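A, B, C, D and E label the chains in the order they appear, each numbered from 1.
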Amino acid sequence: MNPYAIRTHDLSKEYNGEAILKKINLQLERGRIHAIIGPSGVGKSVLLRLLNLLEEPTSGEIHFDGRALKENDRLELQRRMTLVFQKPVLFNTSVYENVAYGLKVRKENRRSILEKVRKALEVVDLKNYEHKRARNLSGGEKQRVAIAQAMVLEPEILFLDEPTSDLDPRNVAIIEELIKYINEEFKITVVIATHNMFQAKRLAHEATFLFGGRIIESGKAQEIFTKPKDRRVLRFIEGKMIF
Amino acid sequence: KRKVSHLILATTTSVENSGLLNTLITSFEKEAKVKVDVIACGTGKAIRLAENGDCDLILVHDPEAEKRFVREGYGIDRRSIMYNDFVIVGPRDDPAKIKGIRGVIPALSAITHKKASFISRGDDSGTHKRERMLWERAGLIPEGEWYQETGQGMGPTLIIASQKRAYSLTDRATYLSYKKKITLDILYEKDKLLYNPYSIILVNPERHAHINYKRGIEFIDFLISDKGKRIIREFGKEKFGEPLFHPIGE
Amino acid sequence: MDYILAGLKEALQLLLSFDRETYTIIFLSLRISGTAVLLASCLGIPLGALVGLHRFPGRGVITTILNTCFALPTVVVGLFIYLFLSHRGPLGMLGLLYTPGAMIIAQTILATPIIGALSLVAVKSVDPAITKSAISLGATRIQTTLAVLREARVAILAALIVGFGRVITEIGAAMIVGGNIKGTTRVMSTAIALETGKGKFELALALGIILLTIAFLINAGLYYLQRIRE
Amino acid sequence: MDYILAGLKEALQLLLSFDRETYTIIFLSLRISGTAVLLASCLGIPLGALVGLHRFPGRGVITTILNTCFALPTVVVGLFIYLFLSHRGPLGMLGLLYTPGAMIIAQTILATPIIGALSLVAVKSVDPAITKSAISLGATRIQTTLAVLREARVAILAALIVGFGRVITEIGAAMIVGGNIKGTTRVMSTAIALETGKGKFELALALGIILLTIAFLINAGLYYLQRIRE
Amino acid sequence: MNPYAIRTHDLSKEYNGEAILKKINLQLERGRIHAIIGPSGVGKSVLLRLLNLLEEPTSGEIHFDGRALKENDRLELQRRMTLVFQKPVLFNTSVYENVAYGLKVRKENRRSILEKVRKALEVVDLKNYEHKRARNLSGGEKQRVAIAQAMVLEPEILFLDEPTSDLDPRNVAIIEELIKYINEEFKITVVIATHNMFQAKRLAHEATFLFGGRIIESGKAQEIFTKPKDRRVLRFIEGKMIF
């Protein structure tokens, strides 16, 4: 098996002629937790959407398991990974229906869906929320539903876009524990886009810094957070104190 | 207020559709400096509009209803101005063999007997009422699969009859203008009972004060004038080889 | 005013007299228009979703054509179908002319672009993020479309209501391809036109009132269903 | 097929011969239906927004009534208005019967509930948070409503297109209250019905093609406008 | 002038019969920065919506300037305060139109609108974003637009619902500075709902803790953060380390 879950080759993305991501070469090693870090508007979310095959790059390639993406295994690949969006977008149905969705499209049987959904809701501390309408939830509750939605699928690769920005400390702790647990236990590759330096430090094995559309530094999280080579990264890390 | 320079004439669609009315009115408007607005609708509706005072004149062909209309005081000055005739049309092979039969009543009996398809307008129009009168005279009650009612105007009814290879009773004018679109021949014609007079009636100004009585009389006078008669007599000759209507009082 | 009261009275009498002809007309209307809306949904909703959710060249043209179909005179549709189904026409041998089948075809053709155009607007009004979310959760193309349609359910329902209203009230096509034949193809709308032509305004109003009452009941049922499902 | 080709040829001839009668009919249609849609928007959009954005008792009933109006037979509306405008009717003295004014009234009555019902769905599809955001930013009730309508602009535009299509193609009411008087109240839809009744299918198709072309141009213009504004 | 910008009396809110807020008695002193703190789903956002008159309480009263709310000065009151929502809801127009909206509804003249909007966009570091469509912005960019939208109005009372949850450290610093500045300079009363304990500590003069639908502790921020009286508050504050 290829040691890299995902590799990108000169991945670029433009919107209306404006280059957002410029020749990104990323190597995401299997089974590790990767943090994508950078200032607001740098393109972290765009990058995750590209990796999750939700948008087409303007140029460049993405390789999964060492092989370039082929159009006809798109669905199969898609089902091996999941993205938790920065703004949770929930269906206008019940919490249960929302969490069950990914399992239903995979045609799992009802019994196992019920079981998994119940368990996931318990983990994110939304035990009695099954029948509530997703639309009326609080910000943090919505975010937890979105996380549960992804977790029940037990994907090979899990993309998390600022997954705890609307959560209180207790829930942050729960979610981070969960991320660590599934990474260690099921060897799930996790990619987190975050501006929360604490979180990146606590969770990530590897870190990639984006700046001005390019990767300016990338490597072992430990090293980058302690002695960054790039001045801009240093400045960014120092900014953490005002978080 | 309604403009006095307008005259509203409610009439049956068959007269309007033939194009005769258009020719007459164009000629009349030139002389009289009055605009005639034609509302084409079924006989029933035309009479209803007249009762409500929503037109000045009606031009229809349903003698029974016309008489009642005048008797009840809604209309005055009823004049029969022209006529044509009804004919029975049917598929060329004439399954009920009515061609050459003597009399319209035997013709209808033959159709009934054969249970040959017959399409009726079924819309209470002048034509439909005449058809019902004929069945009554024949002592027949048309019923069953073979007898169908369309509830539409003469033209569409002819088309349906043609598609269904059925007999139908129609006025000659409409038949001639639809001849090219259908595969029906005239199989029976020329019976006294098939005489089809058209009358013009003024709405009674004593009932509806706003009625444009003076202009209405002028229009009637025009229709029965030599010029009017000539137009009626000549209309359609060129196109169909025979006139569609005949002025009364020749 | 008396007319309207007379119409109401007549409507009640018609309904209560259990006049077979009246009920035949009512059920035929519902059967024909119901079937047509069903068929039109099967065509129109996927069409609308397809055009609404995908970007491809010619999308603008298709959208515009769909919108133009709102201005499709029913008489013209009727004529077209007549020309096809007539004995001289290419499909004449089917013998469909002047049958409920022909009316269903005409009404389906009328309703499909309407339901399509309104479904298009409906799916376009859904937050595009919903599509991405469904895909990310592993939905196939069809499942994604269904998810979007579920989000747009209120507007899709409205599309069906508009389509149904269009076909159950239209006269032009029904007259031409159905023939308004008593007992076979006479539906509520053509019956109303017929009675109006006869000058029997009260009877026409009565039938109109019955038609509206049926539509009201259907709509009330749909509204109620939708409410309890939310 | 020949019919259709003949119709196309006839349509071109009609347009290119600059036949005054044809152009009178076209412009009258556009004037009457355009005015009616304008008036109906002034009534229908606020009505839809009101019902869509506020909760009050009877909201469900109003919604259902609006939806029911899609199934309002145009003949019935025509009859109603006729009864009012007839010389015997309460508004007979206005002398509006058989004038374009009467047709505008009828078409406005037909289009208002349609535009209302679709506007209702349109504003309901807008994220309710938009309302709250506008209020929080200091918008008055009316300004808030306008903000929501702006969010729903695509769907509102569709409502207008549906309304326009409904009135420019309808025959029932136009015939009864307008009378289809040549030069005065003859519009495209009634002219098509007339020619069809006369059996002049080519001419009817020709007029239908012209009507569709006009509708297509209007829709294309709207689509284009909307695109450049985005 | 009444020392309290807002006071609530037994303010309660239920949804579908479920009590979310139970007899809340809150005193918000004029010209200060207040933090509303509590776990996810406790009702912080609901409380802000009630105070901003966006929803009706089930029972209880809100007093502004010492006077109970009268129906006919609702608009005027509304225009003296603004709420920045937890999830920014932006109009589907340009960034400029979004920020200008509140000024337009107040019928300010074009000139001054242009000036104020430009300035606000500069402050939130979105200088060249005027003509971009708000819908396509990144999470942090949207949040900054929402903040600019409120700031240009220079309200007397500013409600902020998790205003920096989607921002990177640099932007967090900018926004916090801005909040402090407008509070000190213009004496604007600020109410922040947050689960970011660091932020509450850095900004707030007063703090109110919500738990189970009730206020469990309230007072000077300094005191509460250093020696909370309630055990639950203590636990919550200790949880901050995992943020």
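The rule we apply is simple: a contact is a pair of C-beta atoms (placed from the backbone, for glycine too) under 8 Å apart; a residue touches a chain by one contact, two chains touch by 3 or more.
Model, not experiment: these values are computed from the prediction.
By the document's definition of touch, common neighbours of chain C and chain D comprise B.
Steps from chain B to chain E, minimised over paths through touching chains, total 2. Each chain gets a centre from the mean of its Cα atoms; the one farthest from the centre of chain D is A. Centre-to-centre spacing of chain A and chain E amounts to 29 Å, using the average Cα coordinate of each chain. Chain A and chain D, compared by their mean Cα positions, are separated by 50 Å.
Annotation: 35 Å between the Cα-based centres of chain B and chain D.
The set of chain E residues touching two or more other chains comprises 87. Counting only residues that touch two or more partner chains, chain C has 127, 176, 196, 201. Looking at chain B, one finds that residues 41, 156 touch two or more other chains. Contacting chain pairs (ordered by label): A-C, A-E, B-C, B-D, C-D, D-E. Note for the complex: chain D touches chain E at residues 127, 129-130, 132-140, 143, 147, 150-151, 230.
The residues of chain C lying in touch with chain D in their complex are 1, 3-4, 60, 63-65, 67-76, 78-80, 83, 90, 114, 117-118, 121-122, 124-127, 152, 154-155, 158, 161-162, 164-166, 168-169, 171-172, 176, 188-189, 192-193, 196, 201, 204-205, 208, 211-212, 214-216, 219-220, 222-223, 227. Against chain B, in their complex, chain C makes its touches with residues 86-87, 97-98, 175-176, 179-184, 186, 190-191, 194, 196-201. The touching residues of chain E, when paired with chain A in their complex, are 15, 38-41, 43-46, 86-87, 136-141, 144, 161-162, 165-173, 176, 195, 197-198, 202, 236, 239-243.
By the touch criterion given at the top, residues 49, 52-54, 75, 78-79, 82-83, 85, 87, 89-93, 101-102, 105-106, 133, 149-150, 153 of chain A touch chain C in their complex.
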